[in-house]
Amino acid sequence: MELRDMLEMVRTGEVSVEEAEKYFAKKPFEDMGYAKLDTQREMRSGYPEVVYCSGKADEHLLRIFETLYRENGEVLGTRASKEQYELVRQSIPEISYDEISHILKIERPGKQRKGLIAVCTAGTADIPVAEEAAQTAEYFGNQVERIYDVGVSGIHRLLSKMDTIRLANCVVAVAGMEGALASVIGGLVERPVIAVPTSVGYGANMGGISALLTMINSCANGIAVVNIDNGYGAGYMASQINRLGLRS
Amino acid sequence: MELRDMLEMVRTGEVSVEEAEKYFAKKPFEDMGYAKLDTQREMRSGYPEVVYCSGKADEHLLRIFETLYRENGEVLGTRASKEQYELVRQSIPEISYDEISHILKIERPGKQRKGLIAVCTAGTADIPVAEEAAQTAEYFGNQVERIYDVGVSGIHRLLSKMDTIRLANCVVAVAGMEGALASVIGGLVERPVIAVPTSVGYGANMGGISALLTMINSCANGIAVVNIDNGYGAGYMASQINRLGLRS
Amino acid sequence: MELRDMLEMVRTGEVSVEEAEKYFAKKPFEDMGYAKLDTQREMRSGYPEVVYCSGKADEHLLRIFETLYRENGEVLGTRASKEQYELVRQSIPEISYDEISHILKIERPGKQRKGLIAVCTAGTADIPVAEEAAQTAEYFGNQVERIYDVGVSGIHRLLSKMDTIRLANCVVAVAGMEGALASVIGGLVERPVIAVPTSVGYGANMGGISALLTMINSCANGIAVVNIDNGYGAGYMASQINRLGLRS
Amino acid sequence: MELRDMLEMVRTGEVSVEEAEKYFAKKPFEDMGYAKLDTQREMRSGYPEVVYCSGKADEHLLRIFETLYRENGEVLGTRASKEQYELVRQSIPEISYDEISHILKIERPGKQRKGLIAVCTAGTADIPVAEEAAQTAEYFGNQVERIYDVGVSGIHRLLSKMDTIRLANCVVAVAGMEGALASVIGGLVERPVIAVPTSVGYGANMGGISALLTMINSCANGIAVVNIDNGYGAGYMASQINRLGLRS
Amino acid sequence: MELRDMLEMVRTGEVSVEEAEKYFAKKPFEDMGYAKLDTQREMRSGYPEVVYCSGKADEHLLRIFETLYRENGEVLGTRASKEQYELVRQSIPEISYDEISHILKIERPGKQRKGLIAVCTAGTADIPVAEEAAQTAEYFGNQVERIYDVGVSGIHRLLSKMDTIRLANCVVAVAGMEGALASVIGGLVERPVIAVPTSVGYGANMGGISALLTMINSCANGIAVVNIDNGYGAGYMASQINRLGLRS
Amino acid sequence: MELRDMLEMVRTGEVSVEEAEKYFAKKPFEDMGYAKLDTQREMRSGYPEVVYCSGKADEHLLRIFETLYRENGEVLGTRASKEQYELVRQSIPEISYDEISHILKIERPGKQRKGLIAVCTAGTADIPVAEEAAQTAEYFGNQVERIYDVGVSGIHRLLSKMDTIRLANCVVAVAGMEGALASVIGGLVERPVIAVPTSVGYGANMGGISALLTMINSCANGIAVVNIDNGYGAGYMASQINRLGLRS
Amino acid sequence: MELRDMLEMVRTGEVSVEEAEKYFAKKPFEDMGYAKLDTQREMRSGYPEVVYCSGKADEHLLRIFETLYRENGEVLGTRASKEQYELVRQSIPEISYDEISHILKIERPGKQRKGLIAVCTAGTADIPVAEEAAQTAEYFGNQVERIYDVGVSGIHRLLSKMDTIRLANCVVAVAGMEGALASVIGGLVERPVIAVPTSVGYGANMGGISALLTMINSCANGIAVVNIDNGYGAGYMASQINRLGLRS
Amino acid sequence: MELRDMLEMVRTGEVSVEEAEKYFAKKPFEDMGYAKLDTQREMRSGYPEVVYCSGKADEHLLRIFETLYRENGEVLGTRASKEQYELVRQSIPEISYDEISHILKIERPGKQRKGLIAVCTAGTADIPVAEEAAQTAEYFGNQVERIYDVGVSGIHRLLSKMDTIRLANCVVAVAGMEGALASVIGGLVERPVIAVPTSVGYGANMGGISALLTMINSCANGIAVVNIDNGYGAGYMASQINRLGLRS
């Protein structure tokens, strides 16, 4: 409902001043004191609020899951520990947990997955971050193709998969160490590439800063970068882009 | 033409072994020695090759502009100095130069601009980078809405423009200093936001690293980041995304 | 007593040379060898000395608490572990401990809280730092309003609380990740904002350096920054400022 | 005027829906396209908008000065070059320029300066930044005491000035190189200290990062830090604090 | 001559104690006070001493060139300015200067070039560094193949040149920006790759640190890295390696 | 087999179009889904694929070892934990583990070691990294001389070993803390020096960055650097270089 | 014995060629394979070799202690763990361990301590580093005065101790957090000050880098800096300086 | 005069209260407003105040030179430009300037130089910094031996000079690039070594940070470090140490 509509109804008396005041003052979130849950988020942006589990106090986590499940009928939690899974399962037995991606979720059944997002990794150790991206995108209703261990030190592995990658509306390139995968993919496809640096590596990788810098300085076109190990962020943005490609 | 077709023609003799060898060996670029111009780029990716002018030797720059203009009928050069403009103009008088964005270009007339990209800046000093993004996007056939000087230190300026921003398929958020603009926009729109940190500021901005870190660490969803002052990269990726939104 | 008064008394003989020498040589601290407790601190600055518990040897911590309690009738310790609480409680049973803020204290009863300080956080994970600030300020006799989980990725949550925030003499803005909260608040209030970066986040947050840089580079007016996770420092300075606002 | 009042008037017809819509949409700034001047800033925050001159295009700078002068009757510009002074003087002959602080301003005559802010520097080379702070504070109606060249390598110089410094409601400590001045002052006064690191020094001072880190890590109480060389920011916040000390 | 031989001759009287003392004390360099020229270097290592011209005082530079030319019959200087060329030419008219590589040299005629070193660049802007490497290697008697502008954003350009690159005993990979070229080449050849990061790029390239980190963190085998823009160092080490490949 | 040969056979019918298509499409790796093993690596580069064990999931590690052992008859794994050794031993009892270098391997018996590589360390704490280099080189068929604890703080220890070091085709210099060993060796030998910075040290060594910078900035000729603690990388490249020295 | 003397004796036959060869070839260290112990160190430099225990393998540590004890009659080990103490005590029961400084030693009885070194700390948490310095200096025969917890946030504590500090030939200033103590002392004494940054602090102290930068950038004269937490290094150099002050 | 003496005289009336008050309040510096000259410095520390010329305003510089010359009969200025020399010469014609060290001074004639300080450099480009150290030490009455261009890439040059270096009471080691010189010297002498990193180098030398880190992490004993290019600081501290060695 638009501002003008509301004001028109105030004028005609359909809506009282008190009701309109409440409407304008209405806070689009549920205030739990320690947290302010954005329960109107899906209505507003098309995506329900997602829970970043790491570091949340047990009691807070539990209530947030219960509230969002009640409001939205499904919940996605990222960076959950196995202990958090055990905790939430006691209250919501239908919840499921994936040890690789650390995703804790209840998903509405029968969700259709549309379009195509390709999620690529340079090495095997980058898979947990890639799975966070892939499963996030799937939760939001996107079809995902996984293409793992195709890093640039053996470029023929990547080249052999280009036909599949080129079908996607958006590519997520996940790589640690020197992080060159995103540049090479960026030079080979015409779709947007979301680059995810990972903390995989050692020594001068500086916890992923090295891969982040590589990706930010990429000489290829059509690449943008999210935070180190931020599979969720890449999956989210890939969903937005893939959804645009579906509008037909 | 597919690999199989070519091989079939070799078998039947339609194509000689020598010709097929040449075909397989054919380099999809024009080798100028000091540079290898990707003249098939537009055919392959939908975007013609763009020239990064800064630091190019005069003679190289001139020949690259002449070659691409001859092949593509238009050229876009970024980070061109006024001296480079004077140089190229002597050979290609119809070239134009914009002092704010430092873009040097000849554009095919009658190009239609479709969809919508919103380009926002935090301050006035971010405009040169924003213009590089906006003019790149326009060159690639996208419609652009400019919304400048709406940084978070006076959030009401941004809020008053949200209706326009929400119409876009993609938002480019350009900001230096603390770079918080991208996070705030990311929380207010449902479309992908491409964040461009700028080197605007002083002291602990460390040439834009500060804004880059802010944007990479954004707690908002749907944000990815390009290099400091990389308006071109943001304009390019925004074009890819906006184009996806047009397929209907 | 002023220098001149003392000298006058030396001249008249009211004070002997030996006594005067002792007076001039008097050290305004209690020398415990491994520590020099500033027992005259409250007299001098209006604030009693506070104990930074982390890393103190058990015996040292215990004696420092005992000494300060004896001299001042109350003690505030920050960054205390639960083990330190158990230790000190054996000697001072009336001591209390807060697990969220890690504050260990005995407070004089009936303390009146004056003025108003607003303590805001971007997310739920920033609350421990915010509580250190808030409880420090309360210990020093200031009234505190807590406004948590109002980060910029959902700016409407913050805007809905501005009326309360604007009543404060000073605002403490606590945020990790990209740390943009301080800038947005700084643009909305006319009181000094003390920004506290936190180490909340991951990847390129570099343990809070990212949020620190954001806040230091803020384009908003009236913001100054304390160390990462330094809730105590922010609470202390907010007390000084709020106290100034009370002089009427 | 409050939201409720406006809505009441819509109900009674005193205000038409169109007018009310305009009211809700009204932007509290003057939109110049390339800039959005906050002409209601003084009304809102008690401080008129200030111009950061460095890097502004000549035409933009001139119009911004003219607009703010017309609206507010006075203007303060920081980081102005001598060339910018010559430019603006042609349009506004009564403007004045200070070569040390690089402040360009027209100030309403007869302004009264109240309270007290102490501005201290470690060395002679820190004076330009200190003057930016001092003159900003004076422009906003505060009395300022300058205490220069009292760095910690000769602590007796600082100690000899403590009586004056202790009279201030707020102290601004400006220092480059190792930046220890703020800590020492923080240990000697009971008022808030705003620390300004400067880029003075060489080698491992890293353009002021060294002094910034020193100040952020200060073990003294009551210190908060602004950006390197940000005299304006310190002067602004000192004004806010000093003003609080005047409410009686 | 070995230590034992000398001592034997002392015993027999063939060599006097004074002569032996001089022998043991003999310094294998020409002491010019401000510099100690290693005139025995070629005898010892197979490579004559090379002059790093940048920053040398005119008089020092001139004398060093004269001395080395006299001793060795040829001289190689790197990072020379055009002014230094003009200076040295007045004394040694047969000297030559290359404006791209900034190499200033007199080379013995008829030098044979053996083996093969491939010098590759990612872009056109990396050519000056690559030429420093290539010309250094040629001066030391190695054959060099130049393969420029084959960066990873258009991987087909590199792949089309692999047959040539695979013939070399050693590959020098020169790249700025994200510096991914070395990793890709490292995965495609079985010879050692010397990676040279360049300062080409802008923003978060941090003067070449970004490319350096990429190369140091390379996941490909057989890559080692020299300093940013250090074409000379790469050319030198490539010579050592290529020479090993010639021993047959 | 060359491209031309294959095409010739297609023309003559020796090879059918279907077979040729398969040939051109053939992927030279074994796709295990989570990993793509390069089983043709030894054929292509002369070195079989090596396993980086750290962080691999148990099941993945086991299958990779089994597959490579089956294909190549030997396997080398680096950075293996003792737990991984216990795991793999259950399936491949003949595997051996070295606790110092953390190398887990099965080696074909009777392998001949040729040429000479010298592996030097500055201190005792650098030995684990040096052993990774030495044992990698030995696995690839190179003879290795170990020269440990010859750091520059007691230069006489190094000088007494120079005769041995000078016999090698390649020197690996392993050093933490200030990492000066590589420079000193580089000035004393005429063979390539591969410098390996280690994370040995504390404080401002920043996890090895200090030694890395020292080595990258070395003023000696013929030095290139690998990642911090990357003994494997140094051993690999030393093998390539030593092998070149054997071609006679 | 000088080179010339030895050669003279070879000539006269007092020393045979074989003996002289051995003399010239004699390595002034005991080669244990994994370590090369400098058993002539005390003779050469006046200080016996000291053992850095951290990270040494048990067997290595034990043998090194046994060897040095046998050769020198006393041993000093730094950064020893309690476990290492238990280990060595089984072989050398007379060894003693200090839990604060982590020093493990056997000291020759009756050692006289001369001159004076002042060791100062900013806080209580800096004491372990200070004790490493103090006990090292005492082991080397210097008298030490400890002055702890005199940091700049309460400058009066330091000023009250200046008379004692001024008696020393050398001052060691140990401080973490902002590390300003060294500058203040440097301005108050005329003797050399060795500054030791510590890793004490949190947040932007970056493990002591902050204090290191403060001390390196000190504006006071007569200050030089050792590594973070390097009490041993400071104690060693203070010994060298104090010893110079004793030569009378 | 001691505190007690003064107080005694107050008691007896020898000194009036007013005079004593003045005595206690007396500031041991000449307050010039913009600077506070420490004219009692020589009396207090044995070294007159030295002027850091860089960045001083012309008028300030001139007056400071005039004042110090008048008070002390000599002046030493560091980092002076040629323009500053021309300026001061007009007022003080007897002043002299050295273009290499940038030292501007008037020195009392007939000053005796005692003891010995060795000043060593790694390369020719480090000489300006070394000269600042050497000439500072000479100005303060120390004898200096210069040993230049003895860096570790040709260690024999350094070894040939060790006899001279070992005669000094203190060694100043000046080096840029990888800065390994200090470690090697530290291992060869028994006197304190003051290490001066220089900004000489390029690329990853990061303006001297690389050499600074090398020196701070030195594994040799008896080394402490001053700021990058801080020849003055090294010369000053070397003077303090050499002076201690003279007390006999």
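Per-chain numbering from 1; labels A, B, C, D, E, F, G and H assigned in written order.
Heads up, the rule we're going with is that a contact is a pair of C-beta atoms (placed from the backbone, for glycine too) under 8 Å apart; a residue touches a chain by one contact, two chains touch by 3 or more.
Worth saying up front: this structure is predicted, and the values here are computed from it rather than measured.
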Which of A-E, B-D or B-C has the same interface as B-E, meaning more than half of the contact pairs match by residue number?
B-D
Please work out the Cα centroid separation of chain E and chain G, and write it as a whole number of Å.
41
Centre-of-Cα separation between chain H and chain A, whole angstrom
59
Averaging only over C-alpha atoms, locate the centres of chain A and chain B and give their separation in whole Å.
25
Mind pulling the residue numbers of chain C that touch at least two other chains?
25, 154, 203-206, 209, 212, 216-218, 221, 227
Give the pairs of chains that touch; include all such pairs.
A-B, A-C, A-D, A-E, A-F, B-C, B-D, B-E, B-F, C-D, C-G, C-H, D-G, D-H, E-F, E-G, E-H, F-G, F-H, G-H
Which stretch or stretches of chain B touch chain D in the complex?
124-125, 127, 148-150, 154, 156-157, 160, 200, 202-206
Under the definition above, what is the set of chain F residues touching chain A in their complex?
25, 27-29, 33-36, 38, 54-56, 60, 197, 199, 207-209, 212, 227-230
In their shared complex, at which residues does chain H touch chain F?
122-123, 151-155, 177-180, 183-184, 186-188, 201, 203-206, 209-211, 213-221
Would you pull the chain F residues touching chain B in the complex into a rising list?
3-4, 7-8, 10-11, 13, 17, 20-21, 24
What part of chain H is in contact with chain G in the complex they form?
44-47, 50, 169, 189-192, 194-195, 212, 216-218, 221-227, 233-234, 236-237, 240-241, 244-245, 247-248
